[in-house]
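Per-chain residue numbering starts at 1, and chain names A, B, C, D, E, F, G, H, I, J, K, L, M and N are given in the order in which the chains are listed.
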Amino acid sequence: MGLLAAGIGAGIVAIGAGLGIGMIGKAATESIARQPEASGDIRGAMLLTAVFIEGVALFCAVICALIIFLG
Amino acid sequence: MGLLAAGIGAGIVAIGAGLGIGMIGKAATESIARQPEASGDIRGAMLLTAVFIEGVALFCAVICALIIFLG
Amino acid sequence: MGLLAAGIGAGIVAIGAGLGIGMIGKAATESIARQPEASGDIRGAMLLTAVFIEGVALFCAVICALIIFLG
Amino acid sequence: MGLLAAGIGAGIVAIGAGLGIGMIGKAATESIARQPEASGDIRGAMLLTAVFIEGVALFCAVICALIIFLG
Amino acid sequence: MGLLAAGIGAGIVAIGAGLGIGMIGKAATESIARQPEASGDIRGAMLLTAVFIEGVALFCAVICALIIFLG
Amino acid sequence: MGLLAAGIGAGIVAIGAGLGIGMIGKAATESIARQPEASGDIRGAMLLTAVFIEGVALFCAVICALIIFLG
Amino acid sequence: MGLLAAGIGAGIVAIGAGLGIGMIGKAATESIARQPEASGDIRGAMLLTAVFIEGVALFCAVICALIIFLG
Amino acid sequence: MGLLAAGIGAGIVAIGAGLGIGMIGKAATESIARQPEASGDIRGAMLLTAVFIEGVALFCAVICALIIFLG
Amino acid sequence: MGLLAAGIGAGIVAIGAGLGIGMIGKAATESIARQPEASGDIRGAMLLTAVFIEGVALFCAVICALIIFLG
Amino acid sequence: MGLLAAGIGAGIVAIGAGLGIGMIGKAATESIARQPEASGDIRGAMLLTAVFIEGVALFCAVICALIIFLG
Amino acid sequence: MGLLAAGIGAGIVAIGAGLGIGMIGKAATESIARQPEASGDIRGAMLLTAVFIEGVALFCAVICALIIFLG
Amino acid sequence: MGLLAAGIGAGIVAIGAGLGIGMIGKAATESIARQPEASGDIRGAMLLTAVFIEGVALFCAVICALIIFLG
Amino acid sequence: MGLLAAGIGAGIVAIGAGLGIGMIGKAATESIARQPEASGDIRGAMLLTAVFIEGVALFCAVICALIIFLG
Amino acid sequence: MGLLAAGIGAGIVAIGAGLGIGMIGKAATESIARQPEASGDIRGAMLLTAVFIEGVALFCAVICALIIFLG
């Protein structure tokens, strides 16, 4: 049962990270194209929020990995 | 049963955090591109709401982690 | 059975909070970019509604946490 | 069985409240940005509808909490 | 089985009320921002439809609460 | 089995009524904001369709309530 | 099994009627706001299609009610 | 098993008819508002397609009703 | 098992026909409103595609009806 | 088991054909309204793609019908 | 079990082909209406991609048909 | 169990290929209509990405076919 | 159980690759139509991201193929 | 059970990566078409976020591969 959870959970984590960072990356590239001279500020906000998501996603992926070894 | 919950729950937490912070990050980068001189206020609102989501998401991820050790 | 509920429930709570506060944060950053001088009023409305959601979400997350210890 | 219901039900309640109040908060911040001088009327309508949703959501969350203690 | 229904049903009721009243509240705040002088008529229509939804939602929530005590 | 149906059915009824009347209320408030002088006709059409939905929804909710007492 | 069907079926009927009549009511109120002098024709088309949906929905709701008494 | 099918099938039939005729009714009312002098042609096309859907929906609802009596 | 299939299958057939013909009817009424003098050509294309869908839907509904008598 | 597949499969086939041909019919009627003099070319492309979908849908519906007689 | 797969699989194949070719046919008819003199090039690209989808869909439908005879 | 997988998997493969190539074909026909003189470059990019999807889809369909013979 | 996973997993992989590369191919063809002289840069970005997706998809498809031979 | 998880999990990982990188690639190609001279900055932001997603996706795919060998 634990293995089932680990595999599907890992897949859902990837969806979460993909959708979240994908939306940010989409907005960032479009914003830079609209305001090239503000690319520093944009890249800062992009990294800040992408790292928030990356952190939660890795934390959750580690939970899934833990299940394989402990479960 | 608990392990199943931990893995899938962790995955869904990642979707929640990804969608929420992704929407905020998307809006923030676009807003900075539209009004570079208001980037301080925008970054403030961005951080405030992103931290709200991050808090709930980590709280829920910890619940999932607790299930592995207690369940 | 209770553990299953706690994990999945916690995940769904995170989606609810993420979507809700994400929509508010998205609108707030875009609104500040459109009207920087009204950022006080906007931040007030943003906090008021975000706190409503945060309250329900934490209440529901606590229910999920209760299930682990009582269930 | 009751615990399963309590956890998942609490999660779904949070989605309902999040989506509903999120939509209202999104519209309210955008409306204030468009008409800062009507922020009193807007905040009134915002609170009125947000409280309707908050009421139903808390009522439903209490049902879920009841299930843990009675079920 | 009845408890399962009560919890999940209560959650779905909250989604219904949240989406419905959320859409109305969203439209009402945006409408007041567009036509502040018609806020009386708008608030009237808003309350009328919100109360329709609130009525159905509370009726359904009471059904769910009944299940706990009778089921 | 009947109780399961009553709870979940009641929840789905609330979604149906919420979405339907929510769409109508949203359109009505926006229409009044666009044409305040036609608010009588608009309120008439709004009530007519909202009552259609309310009728079906209450009929279905009563079916769900019947299940508790008969099932 | 029949009771399960009656409850959930009734709920889904309400969604169908809600979405369908909701879309019509939304369009009718917006159309009257755009062309107040054509409100007679609009109300005619609105009633004609709403009654089509109402008919099917009530027919289906009666099937669900039949299941309780016969099933 | 047949009763389960009849109830849920009837519900889904109502969704199909509701969505389909709802879309047509929505377009018809909006079209009449845009071109009041072409309301004859529009009403013709509206009735023609609505009757197509109504026919299929009633045929399917009768199948569901048959299941109760034969199944 | 066959009866379950007949009921739910009939419901899904109705969704397919409803969505498909609904989209066509929606486009046709809007097109006639935009170009009343081309209503002949539009009605031709509308009937041609609606009949394609109607044919497949009736064929599938007959399969569902066959299941009741043969299954 | 085969009968279950035949009924539900037939329903899903109808959705596929309905959505696909519905989209084509929608676009065709709107295109003719925009360019009445190109209705020959448009009708050609419409028929070509609608027949592709019709072919696949009938092939799949026949598979479902085969299941009833062979399964 | 194989028959279940054949029926539902065939249905899903029809959705895939319907959505894919439907999107292409929709775009092609709209494109011809916008640029009637480029109808040759448009028809070429339309056929090329529609045949790609048709190929995959028939390949998959044949797999489903194989299951009936071999499974 | 393998046959179940083969049938449903083949269906889902067809959805994947249909959606992907459908989106590309839609964009390509619209692009050619907008810029007929760039049809060479557009057809090149269209083929390149369509072949990527076709490759993955056929690879996955072959996996499904393998399951019938090996499983 | 492994075969079930291989077939459905392969299907989902095809959806992932189809949606991802489809979105990229759609944007690329539209971009080339808007800026034919930048087709080199556009084709570069298109290939870079399409290959990222292709890589993950093939890696996942190979996992599914492995399951057939090892599982 | 583990094999089931590996196959489906791998498929979901591919969806996550496909959607995420697809959104980024779509935005990047469109942005380069709008601002060819900023293609360096755009390609930088594109790569940065695509690599974030690629990292999470490969990490999750490796978890799925691990399940086959360990589970």
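Just so we're on the same page, a residue touches a chain if its C-beta (ideal position, glycine included) is under 8 Å from a C-beta of that chain, and two chains touch if they have at least 3 such contacts.
Quick caveat: nothing in here was measured; it's all calculated off a predicted structure.
Touch-path distance (fewest steps) from chain C to chain M is 4. It takes 50 degrees of rotation, in steps of 5, to superpose the Cα atoms of chain J onto those of chain L.
Between the CA-based centres of chain L and chain M the separation comes to 10 Å, rounded to the whole angstrom.
If each chain is reduced to the centroid of its CA atoms, chain D and chain F end up 19 Å from each other.
Computed centre separation for the pair chain A/chain I is 42 angstrom, with centres defined by C-alpha atoms.
Within chain G, contacts with two or more other chains are made by residues 1, 4-13, 15-24, 26-28, 30, 32, 34, 42, 46, 50, 57, 61, 64. Chain contact topology: the protein chains form a single closed ring, every chain touching exactly two others. Beginning the circuit at chain D and passing next to chain E, one meets the chains as D, E, F, G, H, I, J, K, L, M, N, A, B, C, using touch as defined. Contact residues on chain C toward chain D in their complex (touch as defined above): 1-2, 4-13, 15-24, 26-28, 30-32, 34-35, 37-38, 41-42, 44-46, 48-50, 52-53, 56-57, 59-61, 63-64, 66-67, 70-71.
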